[in-house]
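Structure below; questions to follow.
Order of writing sets the chain letters: A, B and C. Residues in each chain are counted from 1.
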Amino acid sequence: MLWFQHTLTLPAKTRGFHLITREVLQAIPEISQVKTGMLNVFIQHTSASLTINENASPDVRRDFERYFNRSVPDSTPYFEHDDEGPDDMPAHIKSSQLGASLNIPIQDGRLALGTWQGIYLGEHRERGGSRRLVITAFGQGK
Amino acid sequence: MLWFQHTLTLPAKTRGFHLITREVLQAIPEISQVKTGMLNVFIQHTSASLTINENASPDVRRDFERYFNRSVPDSTPYFEHDDEGPDDMPAHIKSSQLGASLNIPIQDGRLALGTWQGIYLGEHRERGGSRRLVITAFGQGK
Amino acid sequence: MLWFQHTLTLPAKTRGFHLITREVLQAIPEISQVKTGMLNVFIQHTSASLTINENASPDVRRDFERYFNRSVPDSTPYFEHDDEGPDDMPAHIKSSQLGASLNIPIQDGRLALGTWQGIYLGEHRERGGSRRLVITAFGQGK
């Protein structure tokens, strides 16, 4: 049974959705040693999120940002928690709608993602700063 | 430590939510060998989803479809990504709202689902075609 | 390889979001024996949810309740499944939007939560009653 765990600090990104599959894979090259297993990617923040979606067209990521901004608008008048700016409470909601933790199977040393699947980081703050991920792979060795 | 992993290809289903607990269990009978463990069910697509909800009344699944269609309408005018049809970008959003990956504990050779819990496949396209799941069970043997 | 699994029954809580990190940790003290691993927290109900969010300000949890009540209103007229009360079908939807299962990495005998992260129970019914969680920790021993 193999276990690998690394922390990945992503530099500050602009508000919106960003494809981070490559950064995640580079942070945990030991996946190649795992025959059958699981990868967990966990973000240690409450105003950003992780999700899996389309890895090709950047317009999908732009539409995600449009949709979630309309669905949870900045400066929502009934929010009580507004000390940290108009984008703070909406960022918390989006973080829970999309989630902080991804679990992806490993098959024969590779992530078992579908052809069109990639890992998105949702940066829900105007100035979220750098973001820390804990990346854990485990499974049977080859 | 036991590991089992199978691919399950579900035939094309109509748009909406479908109970697939039985198909998942049939695809991985080795769960019965696991005393304490976890099951992961992963869908390799970005326009369908997996979630856990009420396994009895089919009207719950119809209300899911009604709710999500109103919450993310087809042909939303501000979506930029519309080449693949009016239901495509909404399907991507729903896929991330509900998720692509489920993790369910295994207890004494059975899934530790609550009495009323079942596994739903959310088919968010009019013609999504067949859908591929990767099903992984792991844990201590009995 | 270590495996620990416990059932935690939480007493009935009021409708809304509740911080339950302490209860979860107390239910599975064996986390301290795990060097590198994962924790899964699973709720065996379809009208409550688990999510990770801000562990400090109670106003964040109140805003969650406000937001989700507006996003999925009680007594939504087009819901077909209304036999169990005006808050029942909305509770099912919220349960799937937020999720029933959390996966958090374990690092050196502790949960690898960020400084501001805590575990929320979302109670989406007026009278949800007690709620049962299955808590599973696994990983390499120290």
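Following the convention adopted for this analysis, a contact is a pair of C-beta atoms (placed from the backbone, for glycine too) under 8 Å apart; a residue touches a chain by one contact, two chains touch by 3 or more.
Because the structure is predicted, anything quoted here is derived from the model rather than measured.
Participant: If I list every residue number at the interface of chain A and chain C, are over half of them used by both copies, so same, or under half, so different?
Facilitator: different
Participant: Once chain B is fitted to chain C on CA atoms, what angle does the rotation have, in steps of 5 degrees?
Facilitator: Between chain B and chain C the superposing rotation measures out at 120 degrees.
Participant: Please tell me the distance, in whole Å, between the geometric centres of chain A and chain C computed from their C-alpha atoms.
Facilitator: Taking the average C-alpha coordinate of chain A and of chain C, the gap between them is 20 Å.
Participant: Which residues belonging to chain A are in contact with no fewer than two other chains?
Facilitator: Residues 1, 71, 97, 99, 103.
Participant: Which of the residues in chain A come into contact with chain B in the complex?
Facilitator: Where chain A meets chain B, its residues are 1, 36-38, 51-54, 57, 59-60, 62-64, 66-67, 70-71, 97-99, 102-105, 107, 112-117, 120, 139-140.
Participant: Considering the complex alone, what residue numbers of chain C touch chain B?
Facilitator: The touching residues are 1, 3, 5, 40, 42-46, 71-72, 76, 78-81, 89, 92-93, 95-97, 99-101, 103, 132, 134, 136, 138.
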